[in-house]
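Below is one structure, written out as structure tokens; comments come after it.
So that you can tell them apart, the chains are marked A, B and C in the order they are listed, and the count of residues begins at 1 in each.
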């Protein structure tokens, strides 16, 4: 397997760049990172709506979350592939299609993380903020969200690992990330399928395992800090 | 873009979708049962105080949690036959190997998560419970059975149900190796008829209906069997 | 003319079918200290939380400084900024420093400049004896210190009235005194206060009136000397005998 990685390492890591678009694992990470970044504002809106007092936003946010948590990502990607060109009237590149699907998918999961973060705060915090006269918006912005976001960091890091793994399916619409690279290698080399896909697994494993270790460290640190306060 | 329900009833569509749904359910149930069985084996093996065994189990779990599910399916379907001896390989080529490999991959994948959920459920029960059980004369096994496990189950079931939901959605990944489950059929119908909307919508509704059922089951269980044992 | 700072008229509250507050009527005059006491579940905490609208009421009126707090178009945030509220669990904002806890409302709601607010915070901290802790984080303070900061926070918008919901119940016994003495000083400075508490010593020394509540109703209203020497209502008599004479376990 090592000679395979030596030979095709660059393809796995960056795709056909610089002779083509940036691909391979670099594309995987960019897709995952952008997906989470862009879905974050939506997730905050959803999380706030789900914990808020107004019924209409709460209902809409709940429907959004249940819908996108109940459908496989593959179906969402197919929908994006079908809907986006008709919506925009142009031929949407595969990367953008995949990105939109991932943003929508992630917003549901991140939205739940935000909701859990907000609901995990002691009720007294919101009460104290309202008691000194802060409005709902001011309470959310100055008191609730800062504390909730600090508590959510380990969950967000874990979700990032999930997102990286989720990007592995987008090759089916032609996005040139690392799984696509592995398929390319597999079609070029005969009889080395096991090595090829094991190498692919190793790429994912290394990065995801390391990031999940970071998440565990952050969780322990947060736990220690909370115990100190309690 | 008009919506034509009657299209769904036509010959090339309805049977295909139904067969896809059936395959999805078969794959889901097979992988769920397989995953649960392997999970209990893993939990049991990890309880044995033999460090190398613990290490192997740890690697098993971490591999399946950090490698994407679709890649695991690919390793099994494309990679494993290569390293198997010839007679087995021939048998595989003659039988429905796609389904079998997908089921194996999904079972092992979900078992890693299931085993961790069960273990954290057990870990959540304080040692003092076990001590109290032994102090009134229960054997180690009885203590497990009557004291630890009933409490641990209530804690473990919500994450187990959550992972079950994810397993259900992951059956759609088997389409990449040609398993004719529902998403595969959706794509096949689209390629045949070039009419996507009705088929997408139906498959989406089918997935949602089953997912919501699983989520509803989780909610019911959480209410009916709360971990705090309040009446 | 002495005005009524707080007026309650026929206040009723239900939690579902549970009648938590039943026809509560009474008033607190400007500059007075009212202590509300009673067994747990009597509704005293619920009552005080309805006054700054933390809990809604279903019937009756509540007036602060003559104004109905449920009047149409009432700015609820301005209302709350004008009432000080001290919680049993202090509820300081852990991610902000002591000074920031105090200045948050004057700056964001009161429109004060940061410099003015900081000055105000420092003077209030001096008043409660914690001037040296202005930059500390709440997590580094003892319970008694946190509660005193909470009192300073409640004073930051210069409210004419402060409500205390069991301010010392969550404190270790040796810290109760420091909080009570701050409250006593506030009373002596003429603040209108409504205090829900079990601290009968404080009630006897500082209160102008005592309301004894039971099952959502005020069953006895009295001046402290009368309440402690000859309570009229049988429930009040039982409550006082339980509270003032700790249970002894007889030894044979």
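By our rule, a residue touches a chain if its C-beta (ideal position, glycine included) is under 8 Å from a C-beta of that chain, and two chains touch if they have at least 3 such contacts.
Being a predicted model, the structure only gives us computed values, none of them experimental.
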{"item": "Contact graph of the chains (line, ring, star, complete, other)", "value": "line"}
{"item": "Pair of chains ranked first by number of touching C-beta pairs", "value": "A-B"}
{"item": "Distance between chain centroids, defined by C-alpha means - chain A, chain B (Å)", "value": "21"}
{"item": "Chain A and chain C: spacing of chain centres that average the CA atoms, whole Å", "value": "46"}
{"item": "Rounded Å distance between chain B and chain C, as computed from the means of their C-alpha atoms", "value": "55"}
{"item": "Of chain A, residues touching chain C in the complex", "value": "122, 124-125, 127-135, 138, 142-143, 146-147, 150, 228-229"}
{"item": "Chain A residues touching chain B - in the complex, by the definition given at the top", "value": "66-67, 69-75, 78-79, 82, 86, 161, 164-166, 168-169, 172, 179, 182, 186, 191, 193-198, 200-201, 204-205, 208-209, 212"}
{"item": "Chain A contact footprint on chain B (complex, rising order)", "value": "1, 62-63, 65-72, 74-75, 78-80, 82-83, 165, 169-173, 175-176, 183, 186-187, 196-197, 200, 203-204, 207-208, 211-212, 215"}
{"item": "Residues on chain C engaged by chain A in the complex (per definition of touch)", "value": "52, 54, 77-83, 85, 87, 89, 91-95, 104-105, 108-110, 139, 150, 153-154, 156-157"}
